[in-house]
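Look at the two complexes coming up: subunit A is in both, with subunit B in one and subunit C in the other.
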Partner chain A sequence: MPRIAVIGGGVAGMEVAFRLSQLSFEVDIIEKSFILGGHVHKWQKLFPDFTPAHQIVDQLKNQLRDKVNILFGNEVIKAEQENTKHILYLSDGTTQVYDAIVITTGFKLFNANRKEEYGYSVYPNVITSSELEEYFQNDKPIITKENRIVERIAFIHCVGSRDEKVGNRHCSKVCCITAVKQAIEVAQRNPDAEIYLFYMDLRMFDRKFEDLYLQAQTEYGIKFVRGRLSEVSEKADSRLFLKLEDTLLGKPLRLTVDLVVLMVGMETAENSIQLANALGIPVGQDNFMLPVNCHSQKNITGNRGIFVAGCASGPKSIGETLADARSAALEVYSYLNCN
Partner chain B sequence: MKFDWFVLPFLSGLSFVTVYTSVKFYRWINKLSRGEKALLKKYIFSRSIWTSIKEIFSESLFHLKIFKTHPLLGYMHASLAFGWFLLIVLGNIEVKFYSEYSINPPYVPIFLNFFEPTTAPNFFGRGFRFIMDFLLLIILSGVALAFFKRFVPSKFGMKQNMRHRWFDRIAIFSLWFIFPARLVAESLSASIYHNGSFLTNTLGKMMSFLPAETLLYPSWWAYSIILGIFFFALPFSRYMHIPTEVLLILMRNAGIRSRYFSHPYQEVETEACSRCGICIDSCQLTSIGYAIQPSYYLRTIRYNELHREITDNCLLCGRCVEACPVGIFSTDIRRHERTLQHEMRTVKFKFNQNKFSNTYTEVLYFAGCMTHLTPGIKKAMTTILEHSGYSWQILDEDENICCGRPLLLAGQISAANQVIIHTRTQIEKTRAKILVTSCPICYKTFKENYRLNMLIMHHSQFIDHLYTHNRIATQYRNVNVKYHDPCELGRGANIYVEPRRVIEQIANLLPSSSEKNKAPCCGGSLGNTMLQAEEKKLIAKRALSEMNLTSADLLVTACPLCLKTFSAVSSVSVKDLSQLVAENICEKIPNNAQKIHKAVETL
Partner chain C sequence: MPNFGFSIHSPTHIDLDKNYRTIFNYVKVKEPSIQKCIFCGSCSATCTASNYSAMSLRKVNLLLHRGMVQEVRSLTEQCLLCGKCYLVCPRNVNTRRIILLIHEALKMPLS
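Entry: the complex of A and B
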């Protein structure tokens, strides 16, 4: 029976592995951490319908049960190719031979320290969108690090995305709608809070996104300002002073808030570039992996028997990731059956 | 009087150079303002002229600075310049043994072996022939090295050669051929008359199979023609630097500086550039493929070529100025030219008034716009100021005011002056004793353009001052630190000692091969408006590898712009000096500090 390696145990990897096991292949998931679910595991609710994230992860986990072998705490150190066989050297010292490999290494969040002017890790009340999710574990009002109830909050879009200065020209795609979702969740917990979103463009590309955006404005009174943040400083009372530009009016803007949320974008995962080099897969200017083409062969890489799915080949929403994973599984199936 | 027709090419070439150079010199000096002329005149008739004469010997002839860059490169330049110089001087003395005239035409010493084929039969006669042979050998070794340098510049401490134009090549080749031609002519002469010494006599014997008598006269013609070609090419080629450098040294030591684009001093600088190419290696844009270094830049100015992109594509880091053996202030020329190109006289700023403090504090802290973009530094400085015991305030807390330097670097002088006047008013209103800034760019501007009646300190100096007056104390950490000298603080403001003293209070400071005036630029310079973000990143990466951080735990710098640029690409963690201090500051000031607490009065 052909053996397949799925590198990365996020939602993409889990879905690929499950579909391939359904097609009765022997599948190994190689996961560097000790939990499945990747980034989704850390999320509370998902846009646009507020589905609890754990529902998706649990469902995927249940599907995998007893069907797929999971090699936790493992990374690929070296890769070799012999005819149609792929040999992977893993960090636990073992060597595995596979007939096909699916790369689902996903993404990492942009390190907000690289935009030091936004004050992340300098001022405690500047947090990332991922850290804000932790506040949503319960329904209590959002408070600052000094235990003050947040009365005014600013969401900053495109932190580390569409920013040539940090070397990222690409759009991370999901942060716009995530900001709208999170703003609504804040409004539900702090009904009196003033909520500002400072965006470059609002890219409400999928179904129901526009509805959520409209709802945020009409129902929750969330204020959307097209503007760019230039710098954050801290006042004596530990509130944050923002200097921005309203890019529609072309005028500078100043605002004092209790909490700043940076909508950090996606970058290619830590070891993805090394992995791409080891497996001979080209990466784009944005460092995400390049499939043969982005229309009809978006899961096929230049190297035979190696496939890619999910955010390893660029930012995607969860729905898109799962669809991409299923399509990759089918590509693997046709590849192995035509050999 | 001795004469032969073959001296004509040489003689006409020499006359041409003399006339041309004299006219050029006269024009340059004439173009100086009345004050500058007086300055030059006063200098030439003062006692300090001797320093210039010394410099002309050590730099124009002996090339001491190039020796310091690389000994072999220095030897190559010195053997040609100093060797040839001695050949001419000693040749002129030698003539005295043979000639009945006290004044001889200039071609006699050059072609002495033709005019005086028999060696004076005494010690001096043979001695001089020996010295002349020896000098010729030295020069020939220089020519050989120059030839090899074209192929293996790395052996001469250079990464690459200057790419010369065809006209310069003619001049170079004629220069190279002068000395072999002389060797051939003198050797042929020696093979007939035995009038040479160890070199020419030996070579003459080796050439005895040749019909020396038929070849001798044409070989003197060849030598003269090559000299003639060189002299005719000299004023239009790189070799114009030979006479011009002398004038440059005089003018520079007299205190004349270029004040605007096309100032006569700048024209002298332009022609004094020998295009030796040493600046090419010192420039960090070389490795990313830009030929914008002073050698190239000054050439485009000299030959009136289009070069707008070259003018703007420069970090203004000043490494080339430090490296230049001639001492050309090329960054000044760029700034003057930018002024010419970008000056917008019509701009009128409206300033936000009345938002600045009028209260008095001892210390006024000016963070600067770049520090606002690196709030870690501002926070660290706040901590340090809290511990300093001084009363203090931040001038640019809410309102961004600018020192004016970005506008100055872009050449927008009148716009910059508006900003400077506004900011100066705000600073003076506070009547502070010490103005502290975290940004070397602001520091340099406050120092040079503001005429403020208070102590101006960069924060590295201020922290050093706090240590010496026992106002702060820090814990010692056993970490290895490398310090990066920011361009504007180091080469720009000559502050090298204070930041190092501060680091040594806290950590183990590692030496570096490229530090102080040789430190690389981070690449984030405001002076360059042409580079793409990716290119700046590449420069930063290469600067880091040049500093070699393998043994360092931490890279410390003292400029917010350097911090920001390096943080983005460094694998070793990067901190500002103030952050290093603030993180290790002791809560309690040692007891004896109280006594010296009034140190501010001594300022």
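Entry: the complex of A and C
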């Protein structure tokens, strides 16, 4: 029976592994941490319909049960190829031989320290979107680090995305809708708060996204201002002073807020580039892996028997990631049955 | 104060810490569709008055959102109330009613 390695146990890896096991292949998931679910595991609710994230992860875990072998705490150190066989040397010292490999290493969040002017890790009340998500574990009002109830909050779009200076020209795709979702969740917890979103463009690309945007405007009175934040400074009372331009009015704009949320974008995962080098897969200018083409062969890499799915080949929503994973599973099936 | 031969410009930036959104809130309660505006500018493009003045409903709406009353006053005086903006609005914002409500609010003692 052909053996397949799935590198990365996020939602993409879990879905690929499950589908391949359904097609009666022997599948190993190689996961560097000791949990499954990747980034989704750390999220509370999902756009655009507020589905609890754990529902998706739990469902995928249940599907995998007893069907897939999971090698936790493991990374690929070296890779070799012998005819159609791929040999992987793992960090636990073992050597495994596979007939096909699916790369599902995903992404990492942009390190907000690199945008110094935004004051992340300098001012305690500047946080990232991923840190805000931790506040949503319960229904309590959002408070500042000094335990004041947040009366004014600013969401800053495109932090580490569409920014050539930090080396990321690409759009991370999901932060626009995530900001709208999180703004609504803040409005539900702090009904009197003034909520501002500072954007360059609002990219509401998928179904129901525009509806959520309209709901944010009409039901929650969330304010959208077109303009990119230039700098943050802290006042004596630890509130934050923001400077930007309202580019629709063509005037500079100033305001003081209690909390700033940076919508950090996606970058290629920590060790994806080494893995791409080891397996002979090209990466794009954005450092995400490049499939043969982005229309009809988006899961097929230039190296025979190696496939890619999910955010390893660029930012995707969860729905898109799962669809991409299923499509990759079918590509692996076709490849192994034609050999 | 002695005349030193120069003057100082007052700041032109939008100060959201000082602006009051009284008129916006007044209009919002009576015509909630004001919140649906996406500032596309189709209203301004079709506006009869904009050919001869600085009138732009998109701008009026933005200024209201930012609480800049003085600018709103001078712009809305130019409106002819023809209602063409209402016809082209993709979000179905009741633009004509908004102008009437602004006029109403501007006559109130608060503003």
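Everything that follows uses one rule, which is that the second predicted complex is superposed on the first by the 339 of 339 C-alpha atoms of A that agree within 3 Å, B and C clash if a C-alpha of one lies under 4 Å from a C-alpha of the other, contacts with A are read in each partner's own complex, and residues count from 1 in each chain.
Keep in mind that, in the parts below, a contact is a pair of C-beta atoms (placed from the backbone, for glycine too) under 8 Å apart; a residue touches a chain by one contact, two chains touch by 3 or more.
Predicted, not measured: the structure shown is a model, and the values here were computed from it.
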item: Partner chain(s) touched by A:231 [first = subunit B, second = subunit C, both, neither]; value: first
item: Partner chain(s) touched by A:246 [first = subunit B, second = subunit C, both, neither]; value: second
item: Partner chain(s) touched by A:123 [first = subunit B, second = subunit C, both, neither]; value: first
item: Partner chain in contact with A:255 - subunit B first, subunit C second, else both or neither; value: second
item: Which of subunit B and subunit C A:166 touches, first, second, both or neither; value: first
item: Touching partner for A:223 - first (subunit B), second (subunit C), both, neither; value: second
item: Subunit C versus subunit B, contacts on subunit A by residue; value: B
item: Subunit C-contacting residues of subunit A that also contact subunit B; value: 254
item: Complex contact set, residues of subunit C against subunit A; value: 12-17, 28, 32, 35-36, 39, 58-59, 62-63, 65-66
item: Contact footprint of subunit B on subunit A as seen in their complex; value: 113-114, 116-117, 119, 122-123, 164-167, 230-234, 241, 243, 254
item: Sites on subunit A touched by subunit C in the complex; value: 214, 217-218, 221, 223, 226, 246, 248-249, 251-256
item: Complex contact set, residues of subunit B against subunit A; value: 372-376, 378-379, 397-398, 400, 533-534, 537, 564, 567-568
